[in-house]
């Protein structure tokens, strides 16, 4: 497949500017670029969701017009979206044959055939599920796998994967990569979009970098390195991916003793010291998020002690932990982070209402100054303070949420997957902020599924597995292999 | 750029522009509209609905709703009159109405926060029960001989009718709550994203109780005003008043999906509905047509709300991208 | 846990209501086999929310109690045809000795009333009458109730008067009939009278009041309010209570409610045609008693309660009636 000279404008902005790129048969072609660089727009044009203003798509050197996703499917193009769209109440077989249910000669749905073929698919893919099981009972990675199976069963020749690994564990990533290798062998081409450079370099045959809606360069993966790709993406050179600095480690600030919650996690003991970045590694479902939520007062715990500055505290609700200057940034930005329709200013000040509404009055000036101060510090890019936060990019939303907690001047900041789904530039700024915070004598706890960033940023890493802490590594012991050994 | 600023201005103040336009049109098409008597008349007529609209506004902003307010108003009204008739004290009558409003809404709040019953269902149940209680208490008969009780609805404070005085006071209270209290600010967060509100340290459950209780106080006051205005305790009065309140709220720009809404917008919504009812009666439009017109107005208000929201979001995303690009380019240079 | 508790409570509630329901139907069966206990009669009221219907139901209970050998169960049709029809079906199944139906909508209930006849249960339709072979009826004639007002209005309403008309809910039988009487017995005879405005106020005092407030602004002077019931007339009067210009406004209603009597006494309302729930209940009770004891055939029952006109001349008599039943205090 080849696209040439694609232009696409939205009112007020040129999203794609003369984009060209070609995918060779049976290869993985990675598409890199910061958020807003035009990757998603381009993929949506290829999938027929958007219509290009000008330019041409060629399949096997024949010019084609793709009007809608159904036509794209007929041309053998399938897209596995970043946000998997599925109906939770739908069964596996219904989902698999969605929009193309086979019919008998009488015109009714041939459920027998559906069942037979579904069982066959599940067996081939080694998925331990029943065909009539509802999708909501499956893990995210298995649903993703189903989507891929669906694409292949449609005889897809080109599979677009948008951030396929953003919500799955490392082990599942391996399964996915195995699948990709299998597809390549069958001659299927894959367009792979990801922010995770390690993955891109592991599986891509070619890499195309997009910036500001333009194709910057395309290189075979073997002829280019990470720093070069990042430099191309941001348009300048990035010296250091992880801006970690040495900070003197002080006394323990947060101590957890024997914390447990029935059926979720048990016997959790750890310490986080002043000036320290403590990492939490583990597979998805290991209980890291759940533990942090309990410490933050979002979920209850049954047993154990939480000590802050050496004193035992009772945390029953979020306001309790905020009062102890312990705050947490949730992994699920949409559910527990942003208030989409409200302004960035209100999103930033919502946890500090006592600082802007006092003496029976609201002090809008104080609010504006306070928020502006932290937005500057955090390099938040927003058209205005009144802009609804849903209009910002993921990275900027994350920075607003960080600013929200900075307003509370916390002693302990728990970050759960703080860099998920945000672009390289924003990631870097979040790392730098973490460094700044520990320099000021704060404590940062980072839960992450990206081992390189844990290794790059942390002073110590705890590893969790099945609701327990299985290991604690100090800096000189860090390695991906060791961490994975404890995690499995 | 200037153009878009003008557009923003129009967008931000569209509801007030509509109100003013409507006022002017009403004045042109009917000579009687502008008379002081008629304007006082309109203000008196719309006060009960607008007071209810404030309660609904607080609820809808926080992602809740109250379908029981018409019934609760009737129950509070008839019990208040009975209390007045047996004690002879206006104060007792007034306080009983508020107590009944609060009690009913406390039950609403328990169902909603404690038992996780959707607000729609919980208050629908209350709608039936409260109406039934009002009818049972009065045996379905109107309570008569209200005597001095009518002062709440028919009296005047200087030139201003009492219901309007109550409406003004409640408008100021609501405005104060929404802009100058932490509670008011929290409502936007709760309705905008409850999960995020909890994770930001807001006590969502307690706030929901407070909202329903405030709504109950407003419903009680509305009950007193309504009954004393018509000089009778009507157990089957105010049927469908929850819709009157909700209409003013929604027309006034409160988003049905929660998280958005202002006191002044709701006040404007109340006036728009009031003017509309008044002008149609002045012009002798028959009640079938009136219903059609009101239906269209509600549909238009919601369509406008949804459209402006979509446009705004789209514009903002692009603007943010635009901004990013520019800054980046500037930085590169 | 919470869910369990709730479901347990719900189950308990359901079981207890079922038990109560069963036991009451059991007792009915007993009574049928043993008539000494008295006759079981069902009265299906149109809607307990409607203040007249509620009053009628109350008076029915009282009148039946006095008979000694008949007992009455009252059901609420909730102003809903489907609800009312299913109540009729249930009553047939439960084997009542007699059924009195106050139809919500005669057309809609007709097939079900026929079922009562087919089941050989004596059936009386009341307020309104439903024309159905094999049934009897006791009614207050809405045409008559309005007509008595018209006769007075012909004399009292000044020449070239300007009036407004208030109607009940769209399609309501009583409202339609009363309006028809006003047309035939008044407006057709007095072409000089001009109707300034006419609208539906759904029997409601508050709706009528708001309409009247706006009409006063629009028309300046209104000589008379012609309302299809007293509630709405009272609302219109309330709207002009303190307006000196309207001191001599006439107001006509129907029903003869306590409030209307008080207004007539005060001189604010002109007249109303009484629809007496007391009389209606009394005649229904007597008719049903005659049928059940074999004195009369149900098909011979075809009665109308009188519709006396209440004016300032005779209002004291009716105020006394309301004082007796407690609706007017002092």
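Every chain is named by a letter (A, B and C) in the order it is written, and numbering of its residues begins at 1.
Here, a residue touches a chain if its C-beta (ideal position, glycine included) is under 8 Å from a C-beta of that chain, and two chains touch if they have at least 3 such contacts.
In UniProt terms, the chains line up like this: A = Sugar ABC transporter ATP-binding protein; B = ABC transporter permease; C = Sugar ABC transporter substrate-binding protein.
Keep in mind that this is a model prediction, so the values were computed, not measured.
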Query: Among the chains, which has its CA centre at the largest distance from chain B's?
result: A
Query: So which chain ends up closest to the centre of the protein, judged by Cα positions averaged per chain?
result: B
Task: Could you grab the centroid distance between chain B and chain C? Build each centroid from C-alpha atoms only and quote it in angstrom.
output: 35
Message: Centroid from C-alpha atoms only, then distance chain A to chain B, rounded to Å. What do you get?
response: 41
Field: Length of the line joining the C-alpha centres of chain A and chain C, rounded to whole Å
entry: 68
Query: Within the complex, which stretch of chain B touches chain A?
result: 179-182, 185-186, 188-189, 192-193, 195-203, 255, 259-260, 309, 312-325, 327-328, 332
Message: For the complex, give me every residue of chain B touching chain C.
response: 30, 32-33, 35, 37-38, 41, 44-45, 85, 115, 131, 135, 139-142, 144-145, 154, 226, 229-232, 234-238, 277-278, 281-284, 286-288
Query: Taking the complex as given, what residues does chain A use to touch chain B?
result: 10-13, 36, 212, 235-236, 296, 298, 317-319, 322, 328, 330, 332, 334-342, 346, 350-351, 353-354, 357, 360-362, 381-383, 387-388, 390-393, 396, 404
Statement: Given the complex, residues on chain C that touch chain B span 2, 6, 48-51, 53-55, 58, 170, 197, 199-200, 204-206, 209-211, 213-215, 217-218, 231, 234-235, 238, 241-242, 257-259, 262, 327-329
